[in-house]
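The next part holds the structures, each set out as structure tokens.
You will see chain A twice below: alongside chain B first, and alongside chain C after that.
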Partner chain A sequence: MISKLSLKTRNSLKGLLLVSPALFFFAVFVYRPLIHTAILSFHDWNMVSPTRLFVGWDNYLEMLENPALGKALQNSALYAVWLIGIIILLPILTTAGMTYVHNRVRKMFRVTLFSPTVVSLGIASVMWLWVFNPIGGLLGTIWEELGLAPLNWLSSPKTALVAIVIIVGWKAFGYNMLLLLAGLGGISGEVIDACKVDGADGFGLWLYVILPLLSPTIFFILISTLSMATEYVFTPIHVLTGGGPVNASTNIVFEIWRQAFRWFRVGYSSAIAIAVFLIFFVLMIFQMWLSEKVVSYDER
Partner chain B sequence: MNSAGTSRVKAVDAIVDVTGTLILVFLFLFPFLWMVSMSFKDRIQTFQIPPLWFFQPTLENYRALFAREIFGTYFVNSVAVIVFSVLVSFVLAAPAAYALSRFDFKGKKDISFWILSVRMAPAIAVVIPYFFLGSFMGILDTRLILIIAYLSFNVPFATWMLKGFMDEIPTEVDEAALIDGSSRFQVFSRLIIPLTANGLAATSILCLIQSWNEFTFALFLTTTEARTLPTIVTQFLTFQGVVWGEMSAAATITVLPAVVFAILVRKHLITGLSFGAVKE
Partner chain C sequence: MKDTLFLRMRQSGWFDVGLFILSAALVLLAIGFGGVIQYNFQMSRMPADFNEYQINEALGSLAHIRNGTLLVGKTLLAVALVGFSILAVSSALAPRISLRAKKRFSVLGVVFQYLAAGTITLVILFPIYWMVISSLKTSHELLLPVPTLWPHEFQWENFPNVLERAPFIRYLFNTLVSTFFIMLGQVVMGVLAAYGFSKGRFVGRDTLFMLVLGALMIPIQVTFVPIYVMVSRMGWINSFPGLIVPNLVSAYFIFMLRQAFKAVDDSYIDAGRIDGLGRIGTIIHVLAPMCAPTLITISIISFINGWNSYFWPRMVATKDEFRTIAVGVVRLRRTFSGVEVANYNEIMAGAVMAIIPIVIVFLFLQKYIMTGMSKAAMK
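Then we have the complex of A and B:
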């Protein structure tokens, strides 16, 4: 029976057959749960009650009105801005600087700056707890030595968010920088040399030649940094600040967790989760579209 | 004269390089150094001001940690969950990667996109349905639910990595073997798998690192029985205060394998961590 089909059809059937176990797994354990979340987002349910009340778009409408969520959204934007500065702009500058240092020094840099990347976020959070600890902690001690009023970084509304940013920044800095260095290595030396012959100097060379050529890498790290700003920060928030003090360090993903597991508002929490998922889905499509465009521009 | 001036500039450059490097290296490695040193300190040494750099190390924290029953349980859980999830993810990912690398079929582009998109879904968006899935099937707080959860990021990752490694093998290799009378399955199992052995090893170690470090799923889907090692540090953040010594010992032991694994795959780290977006 199968032998009657054309070679092309047979090949495509074989291909589909080989991907089907993986696709089956995704269907059952990723898409089905996601659809489940989407369905829950239209209901009011407290996790234990046998009945769920269908409420239509109410959960989504509440998202627009709830002030706590507004704070979480505002903080998510703040996290994003801070992290774009610390783990995108700063690594670009460091990468530029690194082209001037000795090869051996550069290697040492790479290993050092990259090492936090392989540490679990939960562990990274407690590693930094001591630095921020008001009693005997590093920053606290320096603060006191300088004669400043004692400051508890993690429980002061002004600094809690910054403290979380520092932890995530420390962990992700090297990762972004390594990607930038790899992207830089991919730019052909001939192009750079040609520009130098044409009179491009350090700054101009970077601004008009290297950065545009690096843009696929920069887009990639921009998207992953945005996802870090929403998701990565969750673990240190959960372990160290609990979103506080007074919601000062909460973010959108922490709010998803808090609504479901602390206040048992499963429907509302699911609605936020779906909204976040959709935002990232759109961003991902945008990134793929953009990188395809830039690649073709590069090859032309 | 001129060359003397150049060499002086070079010397100044070198000094700036070295001091700058040392400061940066110190800043980045400081939390590590402090964690390790704290794990060898007793209670009094921990809070000494100014902080102690040289002291009589004690193994008391490690002894206390190993004496805890949960340490053994969590460690075994971590190993079991990771081994199973990595093995199963390869059974699912290797054929899929081969298909995406070698076959042309309808909707191939869409399928690759959907596999990648799974990876992009924020963990927290699926952790809530996983929680219900677990409670519905009665497998909450078991290793099984964690294995399933870890598969959700290991399978797409392994598929993409392996596809990249398989793309590097010329299709002529397959065609020659097929002409010689091998079946597709033989080509896959006797040629492609051995030829991508390095890639398989690198991918599996990257999966190991990610699963070993995973924190969110482990925290929400388990309570006591199936907890994994990274979550153990939260046990030392008590209402009475932080148990610094033991917590540092636990953190040091959790970080160690990840560092060793990372050193093993350092060549493939960039490709792996950028999900194939950047090749080195």
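Then we have the complex of A and C:
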């Protein structure tokens, strides 16, 4: 049967055959659940009962009114600002300082930078729980050493969010910096020498030559950090604070989980999920647009 | 002449390793001396009638830590100095080859860089170090008001104790099995799909690829409720298929492999075809050897991610028979029912056991991880 088709059609079919398992998987485990989530967001359901009640836009309206969700949204923005600072801008600045570090040191340094990556976030959270512990913990001791009032990092509403940020920062800083160092190593010395001959010096060289040449790496980091961000922040919240104290450390992704698995309000949870998806979608589109505008893939 | 010796020393890479150690030593010494100054200051204001215990109480960790930090700093300094002298002697004795310095560095810049590298190293590695030494302390030492940087007494029983408390061997087995199959699935499916998307010729190829990119942007944290419902309807809660199947394909790896395959020129594939290879044969005999570094990197990253994943295993595995190691370690806290503070040594012992296999994998294969990742980041 197949042999009767033309060569071109046969090639097409075989190509499709290769990609179909992956596409089938995405249909079943990514797109169908997404559509299902959208449908659920218009219902009231507790995950066990055989019937679900259609409630129209009620879940979305509740989202607008619920102050807890406002808090979660505000926290998400705070997390984003902190983490952009710690795991994107700080590595860029530090890498800027590392232009001359010798190769052999770089190799040792790379091992240092990569080491948090091999520690599971769940385990890292437990590890940091011990570091944050008021009795016998490392940070508390240093804190009091500096003459500051004793502080229970994870159970104080003022610091719980910062504590989570520290954990995520510790986990992701090194990995991003490693990628930046690799990108820096990939810039040819000739280009830089040429610019030096033309009179570019320290800061100008960085801003106008090295930074644009690093832009693909920076873009890659933005994308990979954004796609990991949900898991990055969710795990420490889930393990350590459970969103508390008084919603001080919760964020919208954690709210999806909490509404569905703690309070069994699947419909409301799905509505939040759809909102998160839309936010993500807009951010991704914005990043794509930014990369078209800013990233220069030339001269490589 | 002195100048030339210095230049000769600097040509060796070990010179920079020495600088690296030296900078870490300087950071530690600075902290230590800061401690000493503060110590003397506080001692000078100490009421005269205090006994030794009260003085120690008032000083807090200053009473111990400053000396420890200074000691480590001095040791590192000594190592660096001995290294430098060995280097000086060996470069003085070495046959005189080209003495031309490669680059001119500003001294201040180099000092700053090495200090930065030293500080980052300390900050990143210290929590891990803290975890390892805490796992060896006794409960009594663990709760001293002033933590010790090195255990007075090694309590190796913490490790067997944890094994008795929770089925860690079972956790390790579960993690290994599920991680292996996830890795296998992600690599095989990734290679097939990436081949189709990079070298296949069919209508709508690039449109279909957008579906893959889209999947990259929908995290499981958004869609987990329907996935959970689906998995539980299939009866896969607390089973290996439940752990494995929802992670079987990774959009990220398809993307990375497609980039690698695209870089391979079509003529190699055509040559393979002429020699009578089918599509699978082309992948195995032509593309796989040419893209070996990417394939190895992806396998390793997939392994590390699988080993470390927490979100999905936490939801699917609610019984000890199917828990993975990361979930198991987090669960460990609950088994102490309220007195966990005194038992952090055992919890940390569990955490250490959980990361040992992955650290070994990393140390043996780090060359591939690093090269593969740097390539990925530049595309």
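Descriptive notes on the structure:
One rule holds in what follows: the second predicted complex is superposed on the first by the 264 of 300 C-alpha atoms of A that agree within 3 Å, B and C clash if a C-alpha of one lies under 4 Å from a C-alpha of the other, contacts with A are read in each partner's own complex, and residues count from 1 in each chain.
Going forward, a contact is a pair of C-beta atoms (placed from the backbone, for glycine too) under 8 Å apart; a residue touches a chain by one contact, two chains touch by 3 or more.
Note that the structure is a prediction, hence the values are computed from the model and not measured.
Superposition model on chain A: chain B and chain C are shown in a clashing arrangement. Once the two complexes are overlaid on the shared chain, A:L121 sits against chain B and chain C alike. In the superposed pair of complexes, A:L179 makes contact with chain B and with chain C alike.
In the superposed pair of complexes, A:F264 makes contact with neither chain B nor chain C. In the superposition on chain A, A:T112 makes contact with both chain B and chain C. In the superposition on chain A, contact of A:L18 is made with both chain B and chain C. Of the two partner chains, chain C is the only one touched by A:M98; chain B is not. Of the residues of chain A, those at positions 8, 11-19, 21-23, 25-26, 29-30, 32-34, 36-37, 40, 101-102, 105, 108-109, 112-123, 126-131, 133, 135-136, 138, 141, 170, 173-174, 178-179, 182-183, 185-186, 216-217, 220, 227, 230-231, 234-235, 238-239, 253, 256-257, 260-261, 266, 269-270, 273, 276-277, 280-281, 284 touch chain B in one of the two structures and chain C in the other.
If you check the complex, the residues on chain A that touch chain C are 8, 11-19, 21-23, 25-26, 29-34, 36-37, 40, 47, 94, 97-105, 108-123, 125-131, 133, 135-138, 141, 144-145, 170, 173-174, 177-180, 182-183, 185-186, 216-217, 220-221, 227, 230-231, 234-235, 238-239, 253, 256-257, 260-261, 266, 269-270, 273, 276-277, 280-281, 284, 300. Interface residues of chain A, counted against chain B in their complex, comprise 8, 11-19, 21-23, 25-26, 29-30, 32-34, 36-37, 40, 101-102, 105, 108-109, 112-124, 126-131, 133, 135-136, 138, 141, 170, 173-175, 178-179, 182-183, 185-186, 216-217, 220, 227, 230-231, 234-235, 238-239, 253, 256-257, 260-261, 266, 269-270, 273-274, 276-277, 280-281, 284, 288, 291.
Listed in rising order, the residues of chain B touching chain A in the complex are 14, 17-18, 21, 24-25, 28-29, 31-32, 34-35, 38, 46-47, 49-51, 91-93, 95-96, 98-100, 102-106, 108, 111, 113-115, 117-118, 120-126, 128-133, 148, 151-152, 155-156, 159, 184, 209, 212-216, 219-220, 230-231, 233-234, 236-237, 242, 244, 247, 251, 254-255, 258-259, 261-262, 269-270, 273-274, 277-280.
For chain C in complex with chain A, the touching residues are 13-17, 19-20, 60-62, 65, 103, 105, 109-110, 112-114, 116-117, 120-121, 123-128, 130-131, 134, 142-147, 189-190, 192-193, 195-197, 200-203, 205, 208, 211-212, 214-219, 221-227, 229-230, 246, 248-249, 251-252, 254, 279, 304, 307-311, 314-315, 325-327, 329-330, 332-333, 341, 344, 347-348, 351, 354-355, 358-359, 362, 366, 369-370, 373-374, 376-379.
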